[in-house]
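For reference, the structures are reproduced in the following blocks.
Here subunit A shows up in two complexes: once beside subunit B, once beside subunit C.
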Partner chain A sequence: MFLKKKTRTMVINGREVHLRPEKFYWSDFFMALPAVLILILITYYPVAELIRISFTDWRLTSREYDYVGWKNWIWLFTAKTSLRYLTNSLRVTFIYTIGNILIDLGIGLLLAHLFNHLTKPYSFMRALIFMPRYIAMSSCGIIFLWMLNTDYGVINKMLEWVGVKNHINWLGDDNLALVSILMLTGWHGVGYCMMIYLSALLGISRDYYEASSLDGATGLQQFRYITLPLLSPTTLFLFITTFISSMKVYQSVDVMTGGGPRQKTEVMVYYIYRLAFDDNRLDRASVVALLFFVVLLVITASTLRITNKNVHYEA
Partner chain B sequence: MKKLFALVLTAIMLLSCTALAEFDKTIPEGTSFVFWHSFTGANEETLLKQIAAFEAANPGIDVQEQYIGGYNVIHTELASANTAGVGVPALAVINVPRLTSYAKDGLVEDLTPYIEAFADEINFADFYDGMVDMMNNEGHQTALPFGQSGQIFYYNKTLLQDVGVEFPTKMEDMDAFLEKVYNHTGKTVIDIHGTDNAYFYCLFTNMGCFMIDTETNKTGLENEKALELIKKLREWVDKGYIKWVINDVGNTLMLDFTSGECAACLYTSSTYANYKKKAEAGENGITFEVGIANQPYGDNGTNHQYVAGATMIIPSADCNTQAQKNAAFKLICFLTNPAQQLEWATTSSYYVTRKSASTDPQYAEAYNALLTKLPEMAVLDLNSYVAKTKHELFDRCGDIFENYMSEIMANGMDPEEGWELMVEEINDTLADQ
Partner chain C sequence: MQATTRKTALPPRVRHTVGITVRTILAVLVTVIMVFPLYWLLATSLKTEAEVMSSTITFWPKVPQWVNFAYVVNKVPFFRYMLNTAVVTALQMTSELLLGVLAAYAFSKGKFHGKHFFFIVVLGAMMIPIQVTFIPLYIVIARVGLMNTYWGVWIAGCVSSYAIFLLRQAFMTVDDSYLEAARVDGMGKLGVLFRIMVPMCKPTMITVGLTSFMGGWNNYFWPKVIVKVQNMYVLTVGVQRLRTSYGGEITNNYHQIMAGVLLSIIPVFIVFALFQKHMLSGFTKAAMK
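So, the complex of A and B:
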């Protein structure tokens, strides 16, 4: 099938261009080989190892292990502790992901729309909003930790000035801890979404807006019926990338709450880390990681399949 | 034929025993080994100074000390290197609670033969019993104490003198103490470190409630006395006597205590020098004298104090030669001797691990120097320190314990409901092994 010889042509700017025949070139194969090998080594081999470890009883602090068959998988779906922590982590991860997508994409789009209509001097403000992206998440986490301190944090002090006398326990309250993390990651990530949306907005032809204005469309109608549909490829891209990165959140949780209070911010990656490095159970961490991998794969594939039908690629 | 076989077998066994008995303690010239530690600032400076003194006294040994990071970083690095079988240091400082699982998985050397072989350099009997017991796993001495600390109460001595009370030594006196101080100041009396069970666990064990009952494999916290204590602590929280600090704990405790927002706090003994300096200099607005106290006795006079902090291990990995391990042990002997321990304690506020440091006249000058700088160290009776339950799930159960305590004390969860859920979760965890 690779050796099929067939000359292909394509018309580009009115000129007929001859393409290389579809056949197997050894030179192409060897040029791609290093990249393929690296990909196998750093992506597929670890996944294969993960599957292997999931059938062992390997502890992090031990160099010896035995193969134990499906024991870890049975533990995952039957043990009281695993079900308790697994369902909790999945729930926390999904809530966080939904919140983060709403903040990053929603506020990012609004800011992009705003800056799209502002004059050039406002580019400084745009840069300010994007700037947190350059700061390491661990540093941001520590700054937020201080700002959100119940007794001495600047946020509670500011709230005190406007009449909120009872200091809010941002990181220790069951309902607010995850919100606090979302505040940090939202502040950190919204600038990126804004910039991507802004470049997409600049790519939309003005003709659409002029034509709709002549037809009497309001600004809101233009946004609803022109801007949003034409931004849908960008939205899909941002949705998928933000979804995957949100599902894999770890650093902000580690710095801010360490999964607490009482596992209320224990996201999946943090749970996997806890099993592997706190409990030294590499075997159990492997089965949870594999399950998480499958969940991510299924959701991402389904999202692409569903949303692709509603995406408009002609801007 | 059978007799011949038995004779040969006996000979082999005898030879093996002889080989075991003869521990090769040689350290050839030019032996170099890697030492991982987690100390920074003044503590690191003192450590480097002591290592330099060791190298000067042992010119044939080169110590390559490396700061790796906090205890968690050392754990992950050590476990990874051990798995890979390369890059394992010959000596490392780890956090005490990790030791049980390290010993179970054979990650650490049994130091007993080293202690016997180097008996002229280390007086094992001179270590405080509770400290070495904590590092003994199933009869094997798997580590030696270094950088030990305890969970103690700091109190504003000046304030308590004004109020006319002393910090209570028994739990039964705590109620009256809290009430009296609170009525005088109108502020929180004690800040408690609420995110690490090590700090308040002692209050429970002194009431006879232990985290894990190794015989039944269930938690001893299901004892009704634990519930009573939880309810009592919650009552004190509700009355404003106690503040259960659960976020940014280190900073909050330090600021609350040194600014006079609370009269006392429950924290690690290793911050004594720092607290004393800040309080005496009036760095946060008020000047006062700092007092320290052990955890209060329980109902029937039970007095358990627990050691925490660091400990020194020699990893068992084959990537280090016996000579390197011997050299590492020689450094342990040096760093844990009373003279070095006194210098170390004076800098760091960590406990002196050797009994003779306070009793042997040859160390009197150094001991007096320690007491001049940190006078309250004399208050702590290190003989009362004992080993905690050694169980590989102790930390996991401890996490559950502190999580529920935080919920009850800081987030308003009903004490009885929280206690029931906590007991159930710890028992499930213990059963799931």
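So, the complex of A and C:
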């Protein structure tokens, strides 16, 4: 049944022609197989493993483990320490994500307008702004760590010029630590958003602007009623991709603050990593990792639903 | 109202020139701010310790201290880090492209049952990031003894569903008549794929190759999890250890750290300079799909 050959017929120029049956090419199948198998092995299988580990008491240091039922799940939702760290990491992750989206998309859109000029010098400047994205986040983190250094950092020294005499402890302050990370990731990612927005801007027909300026629309009105709606597919694309990548933030936190001060920058992935490799609790880390996975799935699914409803696709 | 008064106050041509000037000044200013961290990286890497620790800003060192680079290279096995990174990146690029091209061909031109289902499986993998799966992967890799090896670092990124997706999109645009013509001339399936489809989709191949290179070279999370021996560190991890190179204490030897960072990103700059056009156009193209 799997390889059943059906003869299909078709009428061409009034004559009935027998076509060769729909074929199953083993060669095609085997070309797809390695990639699919490896993907199942390195992504789907680990998720199943995660579920299994979440019902054990597996420590990083031991090879033996027992099944303990729902213990870890109960720990996750009832234990005081767990709840505090979990809600904290969720909150930090969401604040970071929202901040990062606002910075990347907001400034990216502004820069796209500013650099919307098709001359050589401008394209050179665009390339310069785009460049940070290709440098490893961990390396960028060290550069910012140095620039934000309390005693010798260039940013504090420059702030002296404008009268801020007390050196700011950027990475040690409860609120500023996350701001510092947002500065780093904003610098790193804004050029990409600018380029994507720019290519979308170039795709908008000039006719809309000419017609509306004949009708007496001001620049701001044009932006509000023409540019923004026509950019909405692009905005949505950037929103989804930035959202998901921000949720997975780890490198910048690890390099800049290590989750501190007092867990104020401990994002989800960092928390999972800490549970697994600092506390040696693979079981608890798995539970949190699964929860994180569910959060990611829900967000992806709901944003995809919104896509189909509220976006203007005509441009 | 305000707009009209301004219009009458200045002739249009003057307004235009003023607009252009303001815009250019703003653009240059933004560019300077964005480039400043990279400039600061370069400037710091050439400073003396006294210049790094001084209370005033030294924008450019009096005498460039090339010795900082020599120091980094001697203090830590820097070229070993670079070799490790290069090997892992090369492995990853090769497997991503090779397996990606094969799978993309099967999903675009191939005929087999379950094609749609398998493609959904590939796309679904995009939703499961390494940050979710790293614990079981770590356990498996440790079990089979691949900790601290190139293979261990490579395995987590050896196939990219994103690459398969992009290549499939490109292959679908190739008209079937090319393939039929080649088949009639007696070319095998692999011949058609590598001699006709791959060359025809060169821009996408370059985009995928570059993404893969950047992903491999800048990878941090997984190598950090899987590599615990200094000799097997990749650059991103090794450079971090420069901060604790004086007996584990976090230090302010930033002139040396910056020298290390700069050395580690030079290959990226070279690739960026060579492929700048492809990168800018390729990535916007990828985004539009």
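The definition used in the following text is that the second predicted complex is superposed on the first by the 274 of 315 C-alpha atoms of A that agree within 3 Å, B and C clash if a C-alpha of one lies under 4 Å from a C-alpha of the other, contacts with A are read in each partner's own complex, and residues count from 1 in each chain.
Note that in this section a residue touches a chain if its C-beta (ideal position, glycine included) is under 8 Å from a C-beta of that chain, and two chains touch if they have at least 3 such contacts.
The structure presented is a predicted model; accordingly, all values stated were derived computationally and were not measured.
Once the two complexes are laid over each other on the shared chain, residue contacts for A:80 go to subunit B alone; subunit C is not touched.
By the touch criterion defined above, A:280 lies against subunit B but remains apart from subunit C after alignment on the C-alpha atoms of chain A. Legend: residue contacts after superposition of the two complexes on their common chain; A:157 is shown touching subunit C, with no touch to subunit B.
In the superposed pair of complexes, A:210 makes contact with neither subunit B nor subunit C.
Touched residues of subunit A, counted separately for subunit B and subunit C, are more numerous for C. Once the two complexes are overlaid on the shared chain, A:144 sits against subunit C while remaining clear of subunit B.
Looking at the shared chain after the overlay, A:172 reaches subunit B, while subunit C stays out of its contact range.
Common to the subunit B and subunit C interfaces on subunit A are residues 146, 149, 152, 277. If you check the complex, the residues on subunit C that touch subunit A are 3, 23, 26-28, 30-31, 34-35, 37-38, 40-41, 44, 52-57, 99-100, 102-103, 105-107, 109-113, 115, 118, 121-122, 124-125, 127-129, 131-140, 155-156, 158-159, 161, 164, 189, 214, 217-218, 220-221, 224-225, 235-237, 239-240, 243, 252, 254, 257-258, 261, 264-265, 268, 271-272, 276, 279-280, 283-284, 287-288.
Across the complex, subunit C is touched by residues 2, 22-29, 31-32, 34-36, 38-40, 42-47, 49-50, 53, 111, 114-115, 117, 122, 125-132, 134-140, 142-144, 146-147, 149, 152, 154, 157-158, 187, 190-192, 195-196, 198-199, 218, 237-238, 241, 248, 250-251, 254-255, 269, 272-273, 276-277, 282, 285-286, 289-290, 292-293, 296-297, 300 of subunit A. Contact residues on subunit B toward subunit A in their complex (touch as defined above): 72, 75-76, 79, 82-83, 85, 101-102, 105-107, 195, 246-248, 251-252, 255-256, 261, 395-396, 403-404, 406-407, 410-411, 425, 428-429, 431-432.
Within the complex formed with subunit B, the residues of subunit A that make contact are 59-63, 75, 79-82, 84, 145-146, 148-152, 169-174, 260-263, 277-280.
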